[in-house]
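Got a structure for you, written out below as structure tokens; questions coming shortly.
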Amino acid sequence: ERKVKVGVLKLTSSAPIFVGVEKGFFKAFGIAPELVFFQAAAPIATALAAGQIEVGATGLTAALYNIVLQGEKLWIVADKGREWPGYPLVGIVVQRELWDKGEIRSVKDLRGKRIGLTTLGSTFHFHLGNILEKEGLKLADLKVIPLQAMPSTVEALKGKQVDAIMVPQPFPGRTEAEGFGKILAWAGDLYAWQIATVFYGKGFAADREKAVDFMKGYVKASRYYHDAVLVQKDGRVVPGRNYDEVVQITAKYTGARPEIIKIGFPYQDRNGRLLVPDIEKQMTWWVEHGFMKRAIPLKEIVDTSFVEAAIQAVKE
Amino acid sequence: MSGARVPVEDRTRFLERRELKTTRVLSLIGLVLLWELLARIGWVPRLFLPAPSSVAGEAVEMVASGELFRYLGSSLLRLGLGFALGALAGIVIGMAVGIASLAEAVVMPVIAATFPIPKIALLPLLILWLGIGEPPKVAVIALGVFFPMAINSFTGVRNADPLLARAAVSFGAGRWSVIRKVMLPSALPMIFAGLKLGAGTALLLLVAAEMIGAESGIGFLILHAQNIMETTKLMVGIVVLSLLGILSHWVLTRLERLAIPWKHN
Amino acid sequence: MRVVIERLSKTYGDRSGKSVEALQSIDLGVEEEEFLAIVGPSGCGKSTLLNIIAGLLAPSEGGVFFEGLRDGWHPPTAMVFQEFALFPWRTVLGNIEFGLEERGVAAEERHARAMRLVELVGLVGFEERYPNQLSGGMRQRVGIARALAVEPAVLLMDEPFSALDAQTRQLLQVELLAIWERTRKTILYVTHNIQEAVFMADRVAVLSRRPGRLIAIVPVELGRPRREAMLGDARFLHTVDLIWGLIKADAQQALAEGGS
Amino acid sequence: MSGARVPVEDRTRFLERRELKTTRVLSLIGLVLLWELLARIGWVPRLFLPAPSSVAGEAVEMVASGELFRYLGSSLLRLGLGFALGALAGIVIGMAVGIASLAEAVVMPVIAATFPIPKIALLPLLILWLGIGEPPKVAVIALGVFFPMAINSFTGVRNADPLLARAAVSFGAGRWSVIRKVMLPSALPMIFAGLKLGAGTALLLLVAAEMIGAESGIGFLILHAQNIMETTKLMVGIVVLSLLGILSHWVLTRLERLAIPWKHN
Amino acid sequence: MRVVIERLSKTYGDRSGKSVEALQSIDLGVEEEEFLAIVGPSGCGKSTLLNIIAGLLAPSEGGVFFEGLRDGWHPPTAMVFQEFALFPWRTVLGNIEFGLEERGVAAEERHARAMRLVELVGLVGFEERYPNQLSGGMRQRVGIARALAVEPAVLLMDEPFSALDAQTRQLLQVELLAIWERTRKTILYVTHNIQEAVFMADRVAVLSRRPGRLIAIVPVELGRPRREAMLGDARFLHTVDLIWGLIKADAQQALAEGGS
């Protein structure tokens, strides 16, 4: 068995990896993943660049592109979460009062308002920008306030310090439950995009056989995950045969309560395929907004050959 | 004989120190009651400041499941090691810098320059050099403990009575003897202040230390509970930190009394 | 103002349980305008006694009373400390002015009075020096000046001239007597010099070795003002011999037995 | 007369303090050179530790565009205010606790219990109570400065020579006079050590402070640069913090000398 | 061992530019096995001189030499400090043992020697006390014991008995002389008591008021061992008078002019 150090966040978004480990999908291909838990996304990228982990699974942020721009090679190899219509993940939540007064009823009404989110240059930031552009607005038309942590962001809405916030599940639901927030829209419904991916470090990618074997396990886990928790009918999730098992595995790894986990799993491609064009678009956007100095040619950062080889190899 | 007969009273009584152990305990109970009250009257939302009663409930569960002790165990190791390393380095370097002008001129600017560097900005370098296991976690704590220790030890040595140093020299004490037998005891009160600060700082930095590659630990608990919005668990973590803070303060105060007997009799 | 000391005892406690009995049942009245000297072997409790009178230490038993206290200002005492107890962060002048500050004397008058005392104790030119720039004797003189500055109803002096050379000491003794004769305050004067005690005082209280008990109060039958010539006076010599005799046996025994 | 003629030499020379101003500057230059070397020999990838030369280049750009000064401006205000508030509160409370046993028994356990609470766990509460403007940022810094100040002031007061306090009382000084005229000057060396620690801590916490809704400031720069992995900009921020650290240390050392003239002559 | 002081001057500087000239061109040889007393007015530089000889202070000009130093141990001096300079964190016994520790004396012997000195200075029962639990005189005795313990080639004593009562002082004077006669070390003894200086010393060095210059070296023509009876000896009284005369004018002037 070959060991692979995998850096993950201890969150629901890492569920496919947890499933792969727990169900022995990696093991089946002679891979023994060693999970290394992180409490923030940035150190995962750093650890990957430093060679301390071989595989990383986290959000696709400006940070990652900048790491590559500064000469540390790493590869985006597979999907690990998308914003997808019908799958509530990141929500735009407005103050209940403003909603009730009719002041904000659509994305367009956000013009001139104050919107809180965690960090500038985060996936949320990118996403917000794109949603606004779709609605004919620009980021400059409103005021984005970075608040670093989720609780701070939610608290700022509650304290009426901001008019709206952009936060992932389960926070949108909670703000409604507590009565101070109203979900304006789910980001995925407005705009689908690649939110998180699996990365390979330079050395790991070079060890082609091992890298493909790892991917085989991952593809198998993805399918299992997808069939269990993501299949929808008429806009509602139909729990698959292994729904409860996946919930339970996720609960075991994240320590979160099942009822919170059940609020929603992030969407991801059944085979772990990437939305490659979206990645290019993201880079363009980061460059436009000054978060990156220049774009990276896709072939220098995205390598879909692993996932394709794995899909070929792993039978249904 | 005109005028009154006035008894002389000890006017230095206000300088006296009493122990007031019950007051100490009452103070902490008051703090908890205040918190409960704040939570009850709804001044603070349940979500962000759960009432002590519910925190206690959660804590009991975590104790029953053994989770809390496991976390405590892994954190205590990091804390202990980081504290010991940081404190030792701080005392040694602080005292060296206090006694030798050359060391002072070389090291002090470096200390002043590196002290303000935020630990989170150091994480990448720590990961690069020390990996993602225990070493970087211990290093974060040690670094945090180092600065208050070094600056306080330095100040302690600098403020030692020069007459006593000269007395020691007159009896043949060399540099090393003076350091051990004059500077060190003179600096002890400040060193203990530094240790108290260091202990608090170590606990404070546990969260930063357990940001990378931790699967257990109180800092991990706090971070993770915050990520998954389990505020009650978060508060359990904070309460544990607070208790450790009180405990370490108490232990250090006791130790101080043992180490400085000549001031406490 | 009279100082009445009644059944005064003091035992120093210790955390470890060891305790030292410093004073044992002292009964003593110091008369208005009296110059009382206190002599006794080292460690017998002289400083302890002065500290209790100054209100700086609580007695274990008994007490001290001021009788006939007239002016309102508290404390009516000022003390010359055996260890000087100068404030290292104050200059000579600042130290001397301290008591005046606490009594709310205006800055100008404070300065004028302090300057007069600087002159008296021979420290002109050192007004702006800090204590650590002074010699031992100079420090002691600052301590004396600080206590004299407040013109207290009761002046407590704990071996005030011990660090001074013979000449300076003599000059200051004369000055102190002159001040006392002019202002007629009550003075309690601890000294280990029996000649000095007799030369200066109206009465000499003799304490035993630790625990300090009052062995005797010896009146000095010399006229005032005292003059150097009196040092050869038969009454002077007789009184000195008397006191010397009183403490000799006691002190010798003390040294032999050590502190046990 | 047998034996040699041996001159007596001053054996306390090693206790003497020299200024060595050039050594101080050389030490910092050495630090920068070491850093450049580390970067040049490629031991550390550029990503993790960009060379000082490239950091300087970036800094020049940021100065030219006025960005750096804008950031510095907004941070200095927060730092100044937070430092002043925290230091004042720390000195006042620390000294009060040092002199009054009752205050000590009530406050010390609370200090020991609250010191280890990580600032990031407090952010939501600070936002709730103080909003997202300047107040919570100032509060984070003030909180950080408070603890070292309080503990050091406390220790300073506790270690004041009781003889001097009694001397003051003997001349009619009451509690307040003793505090001002004996405890305060006695505690000054420790208070200055606390101020140095406080200044470092304030700079350290700038990043945490500017986590809340900041759009400019050195802390924001560091956070933002780290979020998007712009290590050169990040280093510009850190270098600015370091320079502020050196500056504040230097200023405090000067002030200390002015405030404690009796030890420096 | 001889101590040779050659053209020794010391001026204390000050950051603010004010400086004090403490010693001016002192030339003095202290003979092997000599007991030399030093007297002089307060602030004339006596402590400064001892500190320079002990190697604790650098002279401004000139220097001090040891001649005929035989045993290898440095420093050959031990000092009784005017301010006692006890280590507050060491007990009486710990303080007395300090110098022995530095000389590498084994723990047991250290203890035995320290205990003997505790007895000598009359502090039995106080071995485990800290200095802040002692009276002034007791502290001074610890300082004396600490210096005697190392049996130095040169003993420097700065007003060693100033805080002791007459009786204890006399006993310790006799003890010191006995020790000196037995071991024949060189002793430099600063005192402000002229009688004491003459009673104890072979020669008395008289310093002028600040800046301290050597006015005279007065040999004492009394036999050894000295006895109390000699205090009435004509030669004794004559020498005292001589010295007194030497410093009187000088000191009076000093006090009149203050520190100017």
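Each chain carries a letter (A, B, C, D and E) given by its place in the written order, and its residues are counted from 1.
The working rule: a residue touches a chain if its C-beta (ideal position, glycine included) is under 8 Å from a C-beta of that chain, and two chains touch if they have at least 3 such contacts.
In this text, all values refer to a predicted model and were calculated from it rather than measured experimentally.
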Separation of chain E from chain D in steps, with touching chains one step apart: 1
Geometric centre distance via CA averages, chain B-chain A, whole Å: 39
Rounded Å distance between chain A and chain E, as computed from the means of their C-alpha atoms: 83
Rounded Å distance between chain C and chain E, as computed from the means of their C-alpha atoms: 26
Residues within chain A bordering two or more other chains: 46, 50, 149, 151, 154-155, 158
Where chain D touches two or more other chains, by residue: 11-12, 45, 47-48, 120, 124-125, 128, 166, 169, 226, 231, 263, 265
Chain E, residues touching no fewer than two other chains: 14, 55-56, 75, 83, 133
Full enumeration of touching chain pairs: A-B, A-D, B-C, B-D, B-E, C-D, C-E, D-E
Contact footprint of chain D on chain C as seen in their complex: 51, 54-56, 73-75, 77-79, 81, 83, 85, 87-90, 98-99, 102-103, 130-133, 146, 150
For the chain D and chain C complex, residues of the former touching the latter: 163-164, 166-173, 177, 181-182, 185, 188, 260-263, 265
Residues on chain C engaged by chain E in the complex (per definition of touch): 12, 14, 18, 20, 39-43, 46-47, 82-83, 118-119, 122-126, 128, 133-138, 141, 159, 162-169, 171, 192-194, 244, 247-248, 251-252, 254-260
Residues on chain D engaged by chain A in the complex (per definition of touch): 45-48, 120, 123-125, 127-128, 131-132, 211-215, 220, 223-224, 226-231
Of all residues in chain E, those that touch chain D in their complex: 1-2, 4, 14-16, 32, 52-53, 55-58, 63-70, 75
